[in-house]
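In order of appearance the chains are A, B and C, and numbering begins at 1 in each one.
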Amino acid sequence: MNAKKMDHLATGIIYFLVGVVILLLVAILSYILFNGVPDISWKFLTSAAQSFSAGGGIRDQLFNSLYLLLLTIIVSLPIGLGAGIYLAEYSTDNWFTDLIRTSVEVLSSLPSVVVGLFGYLVFVIKLNLGFSILSGAIALTFFNLPLLTRNIEESLRSVPNLQREAGMSLGLSHWKTTTKIVLPAALPGILTGLILSAGRIFGEAAALIYTAGQSAPTVDYTNWNIFSATSFLNPMRPAETLAVHIWKVNTESVTPDAKLISSASSAVLIIVILIFNLGARYLGNKLYKKITATK
Amino acid sequence: MKKKTIISLVLGFAALMLILTGCGNGSSSKESSTTSKSSSSELSGKITAVGSTALQPLVEKAASNFQKKNSKVNITVQGGGSGTGLSQVQDKSVTIGNSDIFAEEKQGIDSKKLTDHKVAVVGMAPVVNKDANVKNLTMDQVKQIFTGKITNWKEVGGKDEKITVVNRAKGSGTRATFEAAVLKGAEAVKSQEQDSNGTVQKIVESTPGAVSYLAFSYMNDKIQPISIDNVKPTDANVETDKWKIWSYEHMYTNGTAKGATAKFLEYMNSADVQKTLVKDMGYISIQNMKVQKDSKGTVSSK
Amino acid sequence: MDNIQKKLQTKSKATFQDYFGKGICYLCIGMIILLVTCILYFIASKGIATFTKDKVNVFDFLTKTNWNPGATDSHGRPDVGALPMIVTSFSVTLLAAVLATPFALGVAIFMSEFSSKGGSKILQPVIELLVGIPSVVYGFIGLSVVVPFIRGIFGGTGFGILSGTLVLFVMILPTITSLSVDSLRAVPMYYREASLALGATRWQTIYKVILRAAIPGLLTAIIFGMARAFGEALAVQMVIGNAALMPTSLVSPASTLTSKLTTDIGNTVMGTLPNNALWSLALILLLMSLFLNLLVKFIGKRGRF
């Protein structure tokens, strides 16, 4: 009987905790959305930002956020995948593995501003990349790698050993088994990692101020030449992201409608992240079904 | 097979980049290329201005106007703080270092190497939360509040409410200006410190009994600016030095500015910028000043 | 005979594939190690300069409570006592983790063990949404909601460790939750089946079997949460008061290592003592998070069966 009571009690407590969290989530999200959504307009999304007069939009910032996300994923996902595969499939339980794991975890606790300054001194100045999306993407890799690596490792590990044994017994190499069987099966977990780190990219400000910069020069959206300075695709141009813009507007801006811009931008950011999350999940699931042949 | 090729391709690319940039490192020219063809009238070059976040919007806007006329000039304007601006221009990593503070006042900066270009004047005033019910203070009272001698608003004729001092970040231009004009060497009480005008504005607005100081452009009707010795914090009073708390916005170059940089700095001081942009930003035009201040804080008439 | 011997002695295609795969993995690990070493070296070399170049006593740095790098004390030594920031950083991080862990675990258990697929399908994206909200936005919500709330209940200014903890709690909740969900889901189904078949209740299964099997993963989740709390600056800076004072209570203004670092670094000149002292703070931060990390791992090892 006691165990049953305990079960009920614990269930109650868990429901209570979940309830509190849901309440909190709803409160925060509605706070941001209610403050911001009424001010979002097509014009706001498609016009350029103003330095100190009212009526500025966030066109460039929004694009920069997405572009930076793409570049960062291109830089960090392969490294994260490789490292995750190593830790999950090849590593043995020794001090070296422990060392890697610990150092990667410690990496994630570095304050953004330290990574930002490191990025500034090393990538922007020493390597002569300048204030650019590329510098920003490399700096963000520092935050991303820990979460990504650990998430990929965990999801690879959660794939039942049976699958590996099956692959090996068919005469496939360990590597083939990993990439063809285990990796596809672990896709949903890897997606979680990717989405979490994408969120971090969208929301990061301090590190980008020193690397991708906090000004958005006018770019030409019809110029597809990736090497041209005015091209929107040029990874070597400075780029202010939405989160940096929100930070700038809130801290030093004298724009009369700063409050409006910041709340509307926050709402836009949330909506974009939501779309990205759902989209990534949808595509991921489709891909998952296709390559693992589950129904 | 496809996935593998993609992975290896990307990896190869990343490695290649790492190597390339690594090699580039040794020969990276630290010279900021501000070359201009002396024969042709068209300017070209690359200008990077880094530093003061307060000055950034003004320079950014001016730069984009400047580039409209000189399309070959590429100007990048970034923040990072006055300290960053000064140390980077000293190292020649950037062309222009924006600063809220005289290079002479910054420890670790060799001001002899740098050339000062004053582009605007900024006035600052103490602000309090409206709840405190204080509108005017004497200079001495302000000093005592910020040194922690006066701790309740009723001591200066306000409401019976504890004073919460919100100071600015140590080493920031705003704080240096305020301390030079008000504290005159006395040490400020240890208190909250905030870096940006926007945050200070919001904290003073929402915290009962809070006091801090802000640049004129960040005043709004939700906070109470304080008159000192019955002098109101207005642009006109700054221009004649009747209002004591003000400072310059500087743009430093390493050595004498040349080519496009010189032209751009010239443009910053032209009527185009000074009459419109500077005013829009809430700064005071350098040309309207009837007095001047040197790095030691001595004021003389112009 | 020869043919078979040859076939046995030459390496198969699969072996080469494995070499290739291993090579790629080692390359990735190598890159990570390179990155980590670079940044560690960078921070260490800058952070140690305070002690080597500016001749600050390490012991003083860690135990003195007066932080004023621009000035010198009565003995002509610079005032760089980082203890207030160290204490505050530790307390904020630990409090936030202690507060967030039960909630995160509750939600994670709910999502992996209780709910029908629908519940977690909605909950998960929403929780992940929280990660992407910029710190500044959290800071301002904290400033306009949490600080007045604390002020109303506890008096004072409302700025302090408590406000910082509450804001961080929300910020690290999604990280801990989603990582925990993953590690709970990674516990094989047959564990649950076996336990339930033995007649254990759902809670007994969760508590005695699943949670224990997932301990390493859960600990990493908490570590990542704490790491985020440790490194967070912009949001904390706005609600904690950012005063380099020894915290006297949970509602007195204080300053964490990161908030001090972020506020001041743009205003200092590279290579001078005030700047070096800030890098020393970063170094301490690094060492502290390393310490916490090892501590949690140690506890995890003790707790495993």
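To be clear about the criterion, a residue touches a chain if its C-beta (ideal position, glycine included) is under 8 Å from a C-beta of that chain, and two chains touch if they have at least 3 such contacts.
Source: prediction; values computed, not measured.
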| item | value |
| --- | --- |
| Length of the shortest touching-chain route, chain A through to chain B | 1 |
| Longest centre-to-centre distance from chain A, chain (CA-based) | B |
| Rounded Å distance, chain B centre to chain C centre (Cα mean) | 33 |
| For chain A paired with chain C, centre-to-centre distance based on mean C-alpha positions, whole Å | 17 |
| Of all residues in chain A, the ones touching two or more other chains | 78-79, 81-82, 179, 250-251 |
| Junction residues of chain B - those touching two or more other chains | 4, 7, 11, 14, 53, 79-80, 195, 199 |
| Where chain C touches two or more other chains at once, by residue number | 20, 24, 27-28, 31, 140, 262, 265 |
| Touching residues on chain C, where the partner in the complex is chain A | 13-15, 17-18, 20-22, 24-29, 31-33, 35-36, 38-40, 42-43, 102-103, 105-107, 109-110, 114, 123-137, 140-141, 145, 170, 173-175, 177-179, 182-183, 185-186, 188, 200-204, 206-207, 217, 220, 223-224, 226-228, 230-234, 257-258, 261-262, 265, 282, 285-286, 289-290, 293-294, 297 |
| Contact footprint of chain B on chain A as seen in their complex | 51-53, 74-75, 78-79, 81-82, 120, 125-131, 179, 183, 209-210, 213-215, 217-218, 229, 238, 248-254, 258 |
| Of all residues in chain B, those that touch chain C in their complex | 4, 7-8, 11, 14-15, 18, 53, 79-84, 86-87, 106-109, 164, 169-173, 187, 190-195, 199, 202-203, 206-207, 209-210 |
| Complex interface listing, chain B residues touching chain A | 3-4, 7, 10-11, 14, 21-22, 24-25, 28-29, 48, 53-54, 56-58, 60-61, 64, 74, 76-80, 88, 93, 195-199, 217-218, 280-282 |
| Chain B contact footprint on chain C (complex, rising order) | 20, 24, 27-28, 31, 68-71, 140, 143-144, 147-148, 151, 157-159, 237-238, 241-245, 253, 255, 262-275 |
